[in-house]
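Below is one structure, written out as structure tokens; comments come after it.
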Amino acid sequence: MDLSVKIGDLELKNPVMTASGTFGYGEEYAEFFDLSRLGAVVVKGLSIAPKEGNPPPRIVETASGMLNAIGLQNIGIERFIHEKMPFLRTYDTKVIVNFFGDSIGEYVAAAERLSGVDGVHGLEMNISCPNKQADWCIFGTDPRVTSEVVGKVREATRLPLIVKLSPNVTDISVIARAAVDAGADALSVINTLTGMAIDIRTRKPKLANRTGGLSGPAIKPVAIRMVYEVYKAVKVPIIGMGGIMTAEDALEFLMAGATAVAVGTANFIHPTAAADILGGIGAFLTQEGINDIRSLRGTAHAS
Amino acid sequence: MSRSFKAAIKENLPVHATHNLLSLSVPDSMPDPRPGQFFMVGMNRGTDPLLKRAFSLFRRTDEGLQILYRVRGKGTDILRNMKEGAILDMLGPLGNFYPLPSEEKTPLVMAGGIGIASVFSLIEDLAGKAIVFYGARTKEELLMLNEVKVYAKEVIVSTDDGSAGLKGTAADALRAFLAPQASDAHFCIYACGPHPLLKAVARMSKEYRIRAYVSMEEHMACGIGACLGCVVKTHDGFKRVCKEGPVMSASEIVW
Amino acid sequence: MDLSVKIGDLELKNPVMTASGTFGYGEEYAEFFDLSRLGAVVVKGLSIAPKEGNPPPRIVETASGMLNAIGLQNIGIERFIHEKMPFLRTYDTKVIVNFFGDSIGEYVAAAERLSGVDGVHGLEMNISCPNKQADWCIFGTDPRVTSEVVGKVREATRLPLIVKLSPNVTDISVIARAAVDAGADALSVINTLTGMAIDIRTRKPKLANRTGGLSGPAIKPVAIRMVYEVYKAVKVPIIGMGGIMTAEDALEFLMAGATAVAVGTANFIHPTAAADILGGIGAFLTQEGINDIRSLRGTAHAS
Amino acid sequence: MSRSFKAAIKENLPVHATHNLLSLSVPDSMPDPRPGQFFMVGMNRGTDPLLKRAFSLFRRTDEGLQILYRVRGKGTDILRNMKEGAILDMLGPLGNFYPLPSEEKTPLVMAGGIGIASVFSLIEDLAGKAIVFYGARTKEELLMLNEVKVYAKEVIVSTDDGSAGLKGTAADALRAFLAPQASDAHFCIYACGPHPLLKAVARMSKEYRIRAYVSMEEHMACGIGACLGCVVKTHDGFKRVCKEGPVMSASEIVW
């Protein structure tokens, strides 16, 4: 059975990866299963300078989902390279580094610094962040800004470049096209939906940051729809994510058009989720007599 | 050894209108838990509630462990309704633990309300050495008091409504105890309870120069250090309650 | 205790209404509680010409939510006036008629026909529908189109005009402002999020229509966030909805800035949901010693 | 009279690896259900699964009613794990019912698999008059067969694998029965089962000019006619299974 897939020039042994920010730098999960089983590990989003993140509370549970406002806390690219990469290099899996910036300059600097680091196989660019230069607009909600920042990063790296799209937009296919035209090798769909919860006793937002990102099974229908739309709009591989808890969920994403999938919030609930999902996908293929996982891709578009 | 395991409910005993004592049998592969550590417990079918809930080790038993919990919201309400034989999806033991005091120190253990759940096994391990300050809202909420008395050197009880012991909080009781003492370092404090109580402990710790360990609480998603959701502010930046905690030094927290 | 609120010139005895499409024409629920208890009944969306709707399957359950693709099936405004209004007039509640069109002309015709009908107290305009004239864009996702269609409808009616916003947009406050500037007396926030689900056995979308509208508790965090944003953007009353199951949920919406709330999917699960939620709001006010429900409005905005 | 009520589980008896017979006690205020009607049953805490599930009246009992169900997905899996004493949130009886045949007609009742749940009480009410065509995949899945035999005039059994009765579907059995008969209107058909079976019945109904009533299934949200979710296409436009159905005339459906 052939489970391998390609994300641009990057060969993954199977289509199951982890979603950035839900798998730490891999270490925390190593005791629960062999990370070498994964198609790829995508690490927590990094920036050139370390970031402290938001004050607590940072997490609120919602119906079949959760809001997070971690505030992109991270140890910075330098420390990551020195403290975390040696560990990750010991596994036979691909390492994809998620990164972001507050400005185009920071994005470019991050991409440059990460390129050529031994064991970094690909970059995932998070464009759901506020652009401090341009009056706090979000990079990934305006096709022109998307195009500009992706274009500049494209010039700065030869690593496979995945652009991770925000779902908080009117038409995700427009942003998808802008990213691909600017040089993205693949797209990650979707990041979290912006949401909020209020504590009716204190009458204040439950998160210190007021709003947060909604993830988990609650958002799966939106994520599937967006993967389906992006698949129609562009030709590059899609990494589908948003609420994947089971192999069945992952298969839905593949049929909607994803080449690979990323497991996010599910890692928190079952630390072996990614491995279990991989196992379930294999079982499904066996059961349905399918030899090549790629033959499932986009099948929901037929007829 | 695996910290991801399934536990079977042996008993789920109401010990108060809103509190239950849950006895679990766990697989041998589970590492031995230490006082102060906690478990993430999943009690749901379906995806709501979604996240596991954090509960302290209350007591180790021959076949496994016990958890003492207060019914608070959705998750604990479901848990309360679960019967013997039901299976829980669990992670643990997680986090760090209460460091044992050196021989020459007298451990003062403070528990506010359900905070007793976290320090009970510490009191057990301190085998007759701990002076326990146990506070609750009312007499009825002084759960497991008899058991505490068995293992403590002394138990100083307080209730908000004065229905048992001193009227006031466990922090008031601790202050009343410390005030007449020489303010040197013969003591060492361990505390678990509501935030204001811990804050009061931190103040006394500074004032009397007594080292204090507090068990912190924050909303958690993963329990294993991956999500960065459960941080508290320390003088050394944000720290994760599930990983660098739950037990922290009172002096490192930015209160 | 004063539970009354005003939506433009419309006085409601309390802030609990029903969400369009989830309460039929009121009849189906009359056996479960006295409809006169409601602040308002909002009926299933109507158009000038009756509409057959989409083929089945029209409903899919998702995690803490459901997708629907009813396809705006309705009996048409004429039959509604003759067959359903006489029943609704027997209740001491406000009747708000939700309507839509395939073109600006149809919107205007619908608003004109409904104006002056005895017992119709207000209109709710659903602008989350495709605009057949303009290449199938959705009226409510483009501020210029929103402005145009709302402006034309405003000229056609003197009834209180509520515009119901689509959440499938990058910035809902832009659309909100466009609607208010064009004459909306109030805004309903939010309609359903567009979503999709795939049957992995047949490898086809589960809904015959492929995509559908996501409703229920899953979307509440997004709805609360949008009410919060719209409250900052405009001065008109907001009717908050999206995943309200309990009085606590309704109170969150009021604190986020809503003047009234609409109960939607919850009606399907508990036919007495709207009445129960009203009761729960009263109990909360009593418990917290609040005399006037209006004092809760927007309280989550205070720093 | 209220069609919104709470029922208590009296018994939740496995009658097969994947099927249970659920006995409920219901309040007196519940209107009497008739054969063919159904109930919406809520079995969740939390909001996932969200919607109630539709189940036919299987049988009325002294204290309430019984439901025969097949474990299919999330909701029925939760239901299977519920114990005596648990409370279910229910709506019903809902929808229309099987019209009783006139005196001179012989009722032919067809059940495919779990379809027996819907027609069982009809067979009871027909008190020895019904000729029943009961098909299932295997002998083991011919649930409640002995009870059916008690109330039926005759039971013609079929199984897909031939492990009991005729090898084939209940529709095959019905055709084999009808073929040698004079094709006039002595009969009247009632059917519940998988879609292809009902479609086959519709074809025979036309061919032999026998009136056939079929019980339809569609995904439901409300069960009371409000959401317009459960429609099937008829020659007279879309009709709601929960309101104009579940029992419909085979001739009105666009198959």
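Letters A, B, C and D name the chains as they come in the text, with residue numbers starting at 1 for each one.
Just so we're on the same page, a residue touches a chain if its C-beta (ideal position, glycine included) is under 8 Å from a C-beta of that chain, and two chains touch if they have at least 3 such contacts.
As the structure is a prediction and not an experimental result, all values here were calculated from the model.
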Furthest chain, CA centroid comparison against subunit C: B
Chain pair with more C-beta contacts, A-B versus A-D: A-B
Subunit A and subunit D: spacing of chain centres that average the CA atoms, whole Å: 46
Chain centre separation in whole Å, for subunit D relative to subunit C (CA means): 36
Distance from the mean Cα position of subunit D to that of subunit B, given in whole angstrom: 54
Residues of subunit B touching at least two other chains: 46-49
Subunit A: positions in contact with at least two other chains: 63-65, 216-218
Overall pattern in which the protein chains touch one another (line/ring/star/complete/other): complete
Residues on subunit A engaged by subunit C in the complex (per definition of touch): 62-65, 67, 141, 168-171, 193-198, 200, 203-205, 210-212, 214, 216-222, 224-225, 228, 243, 248, 251-252, 255-256, 284, 296, 299-300, 302-303
For the subunit B and subunit C complex, residues of the former touching the latter: 46-48
Parts of subunit A lying in touch with subunit D, wherever the complex brings them together: 63-64, 217
Of all residues in subunit D, those that touch subunit B in their complex: 44-49, 74, 77-78, 81, 83
Of all residues in subunit A, those that touch subunit B in their complex: 21-24, 28-29, 31-32, 44, 52-53, 55-61, 63-66, 68, 70, 73, 216-218, 245, 265, 267-272
